[in-house]
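Look for chain A in each of the two complexes below; its partner is chain B in the first and chain C in the second.
Then we have the complex of A and B:
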């Protein structure tokens, strides 16, 4: 538009007397335009909401605080649905040539985003020694899903692990020590049997198998000392004997030991079942912690998941990504925003408001989070469990590979196929999908 | 005797059965929304009736603005659709021109394309037109509706030619024939199509989510999705309250105009 103005002006100046006046006006407007271009940066940030509660308000509050400290940057924090919707929205904007500058997206979207050439590695954006140190200030296990090919592509933000919530009142009623949750798979079964025999309407344990079965399964296999995929995202180990054994154990909880309902267990209603005492133990995301704390009418505890050969859980949740199609200034401003949002104080605030983890050790050193943890010890279980955690299932063609595993798990749990059959089939199909990435 | 047989006929039983299945989610939503959270899966008739869920749901997002946006989007789409579909249908129904068959088949083919496939292409066009994050941008991809053109063309075709000729004798030109003969006779079709269009766009989610960025343009469905919470599981009481809030205008409309709705669908179906 600007280049039209001088033309317009020339034509007018021939027939008009106000030439000088208009010239000045144009100069001023050009100067102002330049001024706002050089000193004001506008960032569009997409973020998904994956846990309950008015999260959009918390994000808006954090962004407002950032703008107050950085008056030269304007941030439009745009709520983009769930993880799936956020990815669709980001990729649509990207293909139109007008992408956002940064986004929070599912940590496991990394390979798809790289394949689409959508994001830049953070290694290319950090220059100073201090910034490089910042890249390594987060919990290493949270970085696993954000690092591939020796580069950092995602910075952890809304991250979770699976923990075990248990109802201490039911433990007491069943003659179990309420401060001693099951430590291993055998105890889980034994305690479960005792709970079921002492209570008529209560199950021992529920592990959800709809929604994110591959995630829960990642915990069971890790406990059996086997990961589901390699770090390059082009190999899966679905038919490894330890993986098959893990699925057999999951199935046996329901069909052999009778401590869990057989068949599948609904993800969306599990918290409700736990809060109503229909199960003594549930495995669920730490993202539930704040809601359970608010709504539980009984004494509850949170513990690490039990072990078979070792402890284990996958991490989960969303990372920050910076999009390639943005100017250098915008990338720099995006870095500032991400640094702010993941700074110890903000991470602590975010963790207390949502139940997600503080992403760096220093966030647990802040006074706010230290005090919170003192009053409410369950808040550190997820963090302590990070020592045993592994990456969430994430490969090239992630959506399809994940679906293969989900289907295998469900068909084994419902008894359509044996765990071994189901997993062999999933592994074969996954190998076909991943062949061209090897 | 006859009446008794009718009551127990297979048709009656199965339509009751289907009706109950159809309405049960709505009944559940009413139950969960008006009772405290601990009763959302306990059906206790003595449970107290409260409005807390509505208040909490309302505070999650700027719903009044979302209502306005949804209303604007739906009205905009409907009005433009009426104009475009009427003109196109009139042309296809009553005029012979080069390639009219092929053009009409092309439009019919559009019926088979799922709109979600076109999200990226549509987004590109909207961003070239500078309409990303605007109410018009939400509506524009839907204004030339293949279904609307098809429906109106069939209706116009069924209008007796004699009426048109009589109008011509009275001195009507092409456009006034359309306005005075065809449009009034197609009223039930307009109503039926309007209902389909309004309910579709009232409920549309993915496209509005992708193309909008700000509170000023986002419709109700996008606001409602905040309650989805896939990672932690859903709070049924609040999500039910939010759902009732967003569907209530449509629901009220349906209850008030039920008879007209059903008649108009039947009328449009017979043609």
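Then we have the complex of A and C:
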């Protein structure tokens, strides 16, 4: 009965409370310790998706795999809309003082990011010989948009080129060889005419001119052996005769040869047009390949874009960037994540799941991708085309300069101005914008 | 004296939440926008400097801006009046004795409930050449396919149609409420006098709807400057700026060009225009409206 004495009880309960308190503290600190050990570093990463298909799931899966292999790093991969949205969100996060540590953003955002002093060059982050070699393990053409001022600022990840998808069934119906897509501009027009004359309600070719007109145009000008800008991003060549000629050809497809609808062609609905057999040929990002493969109810082929004076396409898509406002540890962890995501195995997996290309030659050496390519040869067209590829339009003031060119293209395609007029105007305005960067 | 002060404090306390909210989220941003329109754009490498009216001079020389303003005028004209007329007609229709009245009312109101982005994706496929709904219906009548959104002549009209379709149902609800407030005595009296339906509408119903019309007119005008969600999906202001509107251009300048000070300049322009319009509407219509 002693323990019923109030005094005693009081003392005991006080002791108990103390004990509980202490134990809780110990437990909390153990938990905290565990968490800080388990999630030593937390990385925020924005990434964009520009084509259809369940790409977010694929990225999340790759990130989960990375976390499993690197339990000390926690990655929040945040889907941030299309390329523009991703850039806006990343830069807004930067201004708010709570930046992401790394992001996948448009490869052509490089000058904007440098001007905002947002990113660090990878050259400052690699130390060992092995790491330096890693920097040069990617396809050189894919590095073009990521290198300026002699430094590497972006590592290729979801990269594409423009390829030509064509409907073999329509080719057969039109009396064309389904295994021989047009090789040059003349054939493109001739085949187109044959297709239009043999089929009612089917166009020969569609090249999208909304969304990313300058990108498609970069292919046409490269085929005409002329690039759109210099490597320092402070000069454009919009009024070069070869460029004008390329725009004239694009316009003529619609207004003169009648193998393409006149006016502009919507980027977003083009794939559906192709899948519904409304056009025999479409030019589109290789990032669509897997979706087209899944949804096409007809026999389709994928080929390199045709040539005028040579073959050509711009590369496209997103690069990894590492942000300046992050600690050294975070930068190191970011490097680990980027190395993982671009490793041959992951790049091969990514390429098969989406149609984007493997970013390094060694990814095509992996067994998985080798077998995939054997069964599905279109998967290597984009890679083979890299030999003829050039950088995507990217300059200082890139948003404005890009819009100037987009407007000029659309103005010519809709017949408001002649290609020469439109491009001269764009060039003049671009020169004014870029003067202070020279 | 003391009670007077405490009255003051009491009053200020009552308006405090509104003052704080309006101040932080409306007036303060307006003032900072005005200030930053007089400075050059800031990047990390080039600090912002005072440039006076340079942004404003550039604005009036900027061909894209001028085109966006012109487009916006047409867009306003094209959306405000038709959507109000349509709203009145629909309201009169569903206010009459009609079988399945609730169903029709709901049907008219549906476009308003749908998010603009969803609506745009829907209409994108209506307008798509060849495979779109519009062209498929046209094909039944032997019409040739038309590139609705890809043609500078038709693109703005296409955008206007969507906006009318979206807004008219919303305005209809207001008119419907107003119509049901009109005393049936008036109708009986007019019937006794032998006035025609049209005469009754012109001399009685419509004047009584004036206060609500003013409200809707202001809303429709503001919306025609504020509503640009569909451009993101449908045209991105193209082709060649043929469907670019002021607010969308502000977005482009701010978040695609990252020229925040120029974006601020255009914002001030938009603010001034809207202020003038709503002032004019209040002053002009107040004299002609019969409030009960």
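Worth a mention:
One rule holds in what follows: the second predicted complex is superposed on the first by the 400 of 438 C-alpha atoms of A that agree within 3 Å, B and C clash if a C-alpha of one lies under 4 Å from a C-alpha of the other, contacts with A are read in each partner's own complex, and residues count from 1 in each chain.
Keep in mind that, in the parts below, contacts are C-beta pairs under 8 Å (C-beta built on N, C-alpha and C of every residue); 3 or more make two chains touch, one makes a residue touch a chain.
Only a predicted model underlies this, so the values are computations on that prediction, with no experimental measurement involved.
In the superposition on chain A, A:88 makes contact with both chain B and chain C.
In the superposition on chain A, A:209 contacts chain C only, with no contact to chain B.
Once the two complexes are laid over each other on the shared chain, residue contacts for A:201 go to chain C alone; chain B is not touched.
In the superposition on chain A, A:64 makes contact with neither chain B nor chain C. Touch criterion not met for A:133: it reaches neither chain B nor chain C. Looking at the shared chain after the overlay, A:272 reaches both chain B and chain C.
Using the contact criterion defined above for the overlaid structures, shared-chain residue A:410 touches chain C, although it does not reach chain B. In the superposition on chain A, A:285 makes contact with chain B only, not with chain C. Under the contact criterion defined above, the residues of chain A that touch both chain B in one complex and chain C in the other are 88, 91, 211, 268-269, 272, 276.
Residue ranges of chain A in contact with chain C, taken from their complex: 84, 88, 91, 112, 115-118, 201, 203, 209-211, 261-266, 268-269, 272-273, 276, 278, 397, 399-400, 403, 406-408, 410-411, 413-414, 416.
Against chain A, in their complex, chain C makes its touches with residues 43-45, 64, 124-125, 128-131, 145, 147, 149-152, 233, 235-236, 238-242, 252, 255-259. Contact residues of chain A toward chain B in the complex are 44, 49-56, 76, 78-83, 85, 88-89, 91-93, 95-98, 160, 211, 267-272, 276, 284-285, 287-288, 291, 295, 297, 316-317, 355. Contact residues on chain B toward chain A in their complex (touch as defined above): 37-38, 40-42, 59-61, 119-120, 123-124, 126-128, 132, 206, 209-210, 213-214, 222, 225-236.
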